[in-house]
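As written, the chains take the letters A, B and C, and residue 1 is the first residue of each chain.
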Amino acid sequence: MGLTADDVARLAALARIQLTEQDCAELAPELDVILESVASVSEVARPDVPLATHAIPMSNVFRADVVTASLTQTQALSGAPEEEDGRFRVPQILSED
Amino acid sequence: MSILTRSAADLGRAMAAGELTSEQVTLACLDQIAALNPVLNAFLSVDGDAALVQARAIDAHRAAGEELGPLAGIPIGVKDNFCTTDFPTTCGSRMLDGWVPPYDSTVVARLREAGLVIVGKTNMDEFAMGSSTETSFFGPTRNPWDTDRIPGGSGGGSAAAVAAFMVPLAVGSDTGGSIRQPGSVTGTVGVKPTYGGVSRYGLVAMASSLDQPGPVARSTEDAALLQQVIGGYDRHDSASINQPVPDLVEASRATDLAGVRVGIVSEFKGEGYEPGVLDRFEEAVEVLRGAGAEIVEVSCPSFTYALPAYYLIQPAELSSNLARFDGMRYGLRAGDDGTKSAEQVMNLTREEGFGREAKRRIIIGTYALSAGYYDAYYGSAQKVRSLIQQDFDKAFEQVDVLVSPTTPTVAFRLGERTADPMSMYLADLCTIPSNMAGNAAASFPAGLSEGLPVGLQVMAPPMEDARLYRVGGVLERTLEERWGGPLLATTERLDGTKAVTA
Amino acid sequence: MSETVDYDELLTRYEPALGLEVHVELNTSSKMFCGCVNEFGGEPNTHVCPVCLGLPGSLPVINGKAVESAIRIGLALNCSIAPWCRMARKNYFYPDMTKNFQTSQYDEPIAFDGWVDLEVDGQTYRVEVERAHMEEDAGKATHVGGSGRIQGADYSLIDYNRAGVPLIEIVTKPIRGTGAKAPEVARAYVAHLRELMKALGVSDVKMEQGSLRCDANISLAPLGSETLGTRTETKNVNSLRSVERAIRFEMTRQAAVLDGGGKIKQETRHFHESDGTTSAGRSKEEAEDYRYFAEPDLMPIAPGRAWVEELRATLPEPPAERRARLQSEWGFTDIDFAAVVNSGALALVEETVAAGASPAAARKWWVTELARRANEEGVDLDELAITPSQVAAVQALIDAGTVNDKLARQVIDGVLAGEGEPAEVVESRGLVVVSDEGALGAAVDEVIAANPDVADKIRAGKVQAAGALIGQVMKAMRGQADAGKVRELILAKLT
């Protein structure tokens, strides 16, 4: 396997977690142990085995297109670290998505 | 018998008969919490005044002659990952320290409707990631049987609160064993209903396809009463099963197991299992045989791969579920000094807000889902999930229920496994398959090993939760006759834990 | 960027390839995964609930109507409908996304492998549709400080009312072989989708409100080359006119870069309405890792045959058949009809005819007078502040002799300026061809003569009976007479 500190840094960036180089270096071997011990799944995952996601297979679970009550603006913003003019205030967004 | 040690069913009957009031029961529980919580740290928040207001309201309804449910007026603890509008919902994380949701989870709404009195929120591993309640940002919960030991996890707070007679009932959530394994190591009953049996709406998700809320209690009948309150169809959860909840209370009162075929899972014994755990397991199986059950051994070879597959699926799903904690809309926001970008603030918030285990799992999950690794990890794990379901299907063609030890060991010591994630993960070895397959499973007290509780796990096919209660009820009555009372009554005899007895 | 390349000349050396991604906001009553109202605007953060705010613990439930609309759109685009598909999570962090993943579809779109035929300048182009899939919209960020744009802003404010609005994303396969007509084909495609969505009744398709949005992928390859060139993705193309302009600009820009020996950077570009140019946005050289996986909180969608056929039966007339029918109904020549189609006025003319105007008059107004005004204002025809029924009303004023053609243009000016309905504009601007008292008197005499018994009643003192006569005079005067004056005249003659 061999997960490197660089790999951890790349994954942490994808997962938006600020990690120092030292954090990455410490985490790499820890994660490597876990990954090694889970690698055995590929031994039994033959191509003919179907994928399963849920216990009770269900499909077409839909709701009717009916309007229900929303939160009030006060409730919606109740947890906001910062708000302004009824909106969530967030730091400057650097790039467009 | 003191109020505290009576079962919820019994207290409900006494209240209905006018012998007790909810206020008296609630006060007794609040006193016990006040006395023991400083030691056990089972509750993260308690609101005694509000609880008493609720209790008196129930008493007034009853006095007015209203027909109330069997659990009306019973105090209950709620794991801190269920949204509540009147308590913070922290999930044991710094990320949500102090966050009060603007809505109630379905489970909590149903508790309120049934007249249960929510006294507080119970401690848990951070975002339910752990088997010892040691990853809580608010400090570990301790096991009432031995305060140097863990109460299991992630729902250690709920299990400890019930085991220490702080409340007769609690609710938990089980993703890989978080209700059952704490039940096993605290001598309580913990049930993971069939996936879809109890609504997840308002339960802060760890791994969506595995999470399932369920009851924590001191008796099988109490657990059944509670599951009947919280269970059943909810249109807010797409996975909710639209079928009536079977009569679980009736099942819990069964007197024998005539005609019940019980399968012992061959894979769950041997190396890694403490001898005392295996002894209690075998004795429990003999009790079932004595009650009329037919015992056979069943092999489920893919169960060996359940743990590794679980440690891919669960981190993968949680890495996505926990992405929303970014400091923008609620919860912690770190490093926002006016010079940093939203992206930088998200990075800092997630660094400060999540503990080490959370970060580990988020990164593992990110890896498992990332381009180039998806098939080898997440895809393969989903296939293992199929194989586990097939093993269960085959087994349930031969037997009505499967049994195993709930967890390979008794409660371990605080700190013993925190440095080694893999050893911690092994605590869920026997409980994980039922989350992967979504079937019903429960842990029932099976006795003590070296003075610490051991649990018997019973697994039933999806939607056959009643079988758990039937087997659990018969086991409980037989063993309690032998012990001369409930297992928890013996805590008084344990050295050093007198402080935590009723 | 200096535009040194001549458009026609570049086509002697390069072959453009287009890829169009159109997002259509569905007009369901409620959002995609929750019961919040699906409505444009509103006080910020008042159309939100735990689900669309992505609060911890909340769970989505699919709006069945949105699935139905998706299937109907798929069928109308001649797509196959997946017998079984799932929603997927597209994981990336952005403050306008409440969960930091978008619930979308990945490798299992609900509709795939479709096509549409477009006619541009007498030639038919087939655009192949790769897929149409369901997803949810995000919230809206307003940037505060600096220039009010994203760069240099001090901070941003977010309104999540739009978060969770159902979207259908329609993606074409690479469109090749259009040559110089690439911008027109793209425009015709978007116009076609808009017409189709309108006919299906699944979306408001208001480009200016963002309920239909287009991203255009454009690349150039040397003429005759088999492989596609490096593409750019131009976003924020919010009108039919912009689609055409943006593609034309990008083709010219890319040709200039390639001619100068440069390489096209794979990047997102933003279109600017003001000057018709594009500017570089985020570089896409390093592929995003969205870590897609099947949404575990939602169950699979399995549209049964019967359901799909039931929905197929609700489809409006296919566009080609509709066009053929309308042309024959209206008796237009090919040239006249093509003018209607190419100016994006088909539905407008149809509605104007339905409101009472003759086909020729409806065509004349939309294709000449109103098209000129739309062009002057730099908007699409249907963004003009006049409705088909108002155009029909203007024509009715002409037909009734109330106004002449010249006055009618002034009535149009008034309607466009927001002065009200055509009749109100005629009145307020005094545009009515006012008849003199003599003309009114003659009409009154006629009505009195035709109704001797009513006249007798009035003569006998029943003044309220005059109402019946006034109505008839008004009718005779086509509503252009002053009712008070008519009453005066009647009473003067009979009492």
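Basically, a residue touches a chain if its C-beta (ideal position, glycine included) is under 8 Å from a C-beta of that chain, and two chains touch if they have at least 3 such contacts.
Because the structure is a prediction, the values reported are computed rather than measured.
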Chain occupying the most central position, where position means C-alpha average: A
Greatest contact count: chains A-B
Chain A and chain B, separation of their C-alpha mean positions in angstrom: 24
So how far apart, in whole Å, are chain B and chain C when each is placed at the average of its C-alpha atoms? 54
Take the average of all CA coordinates in chain A, do the same for chain C, and state the distance between these two points in whole angstrom. 37
Spell out, as numbers or ranges, the residues of chain A touching 2 or more other chains. 14, 16, 53-54, 58, 61, 63, 71, 76, 88, 90-94
Multi-chain contacts in chain C, i.e. residues touching at least two other chains, fall at 49-50, 53, 61-62, 93, 95, 100, 156, 158, 289, 291, 296, 298-299
Can you list every residue of chain B that touches 2 or more other chains, as numbers and ranges? 101-103, 209, 235, 238-239, 319, 323, 326, 328-330, 342-343, 346, 366, 370
Per the touch rule, the chain A residues reaching chain C in their complex are 14, 16, 53-54, 58-73, 76-77, 84-97
Which residues, counting only chain C, touch chain B once they are in their complex? 49-50, 53-62, 89, 91, 93, 95, 98-101, 156, 158, 287, 289, 291-293, 296-299
Complex interface listing, chain A residues touching chain B: 3, 7-8, 11-12, 14-19, 27, 30-31, 33-35, 37-46, 49-56, 58, 61, 63, 71, 75-76, 78-82, 88, 90-94
In their complex, what parts of chain B are in touch with chain C? 81-83, 89, 91, 96, 101-103, 105, 200-205, 207-209, 235-239, 316-317, 319-320, 323-326, 328-330, 342-343, 346, 366, 369-371, 374, 378
Which residues of chain C touch chain A in the complex? 28-30, 34-37, 43-50, 53, 61-67, 84, 92-96, 100, 138, 141-144, 150, 153-160, 235, 268, 270, 281-282, 289, 291, 294, 296, 298-303
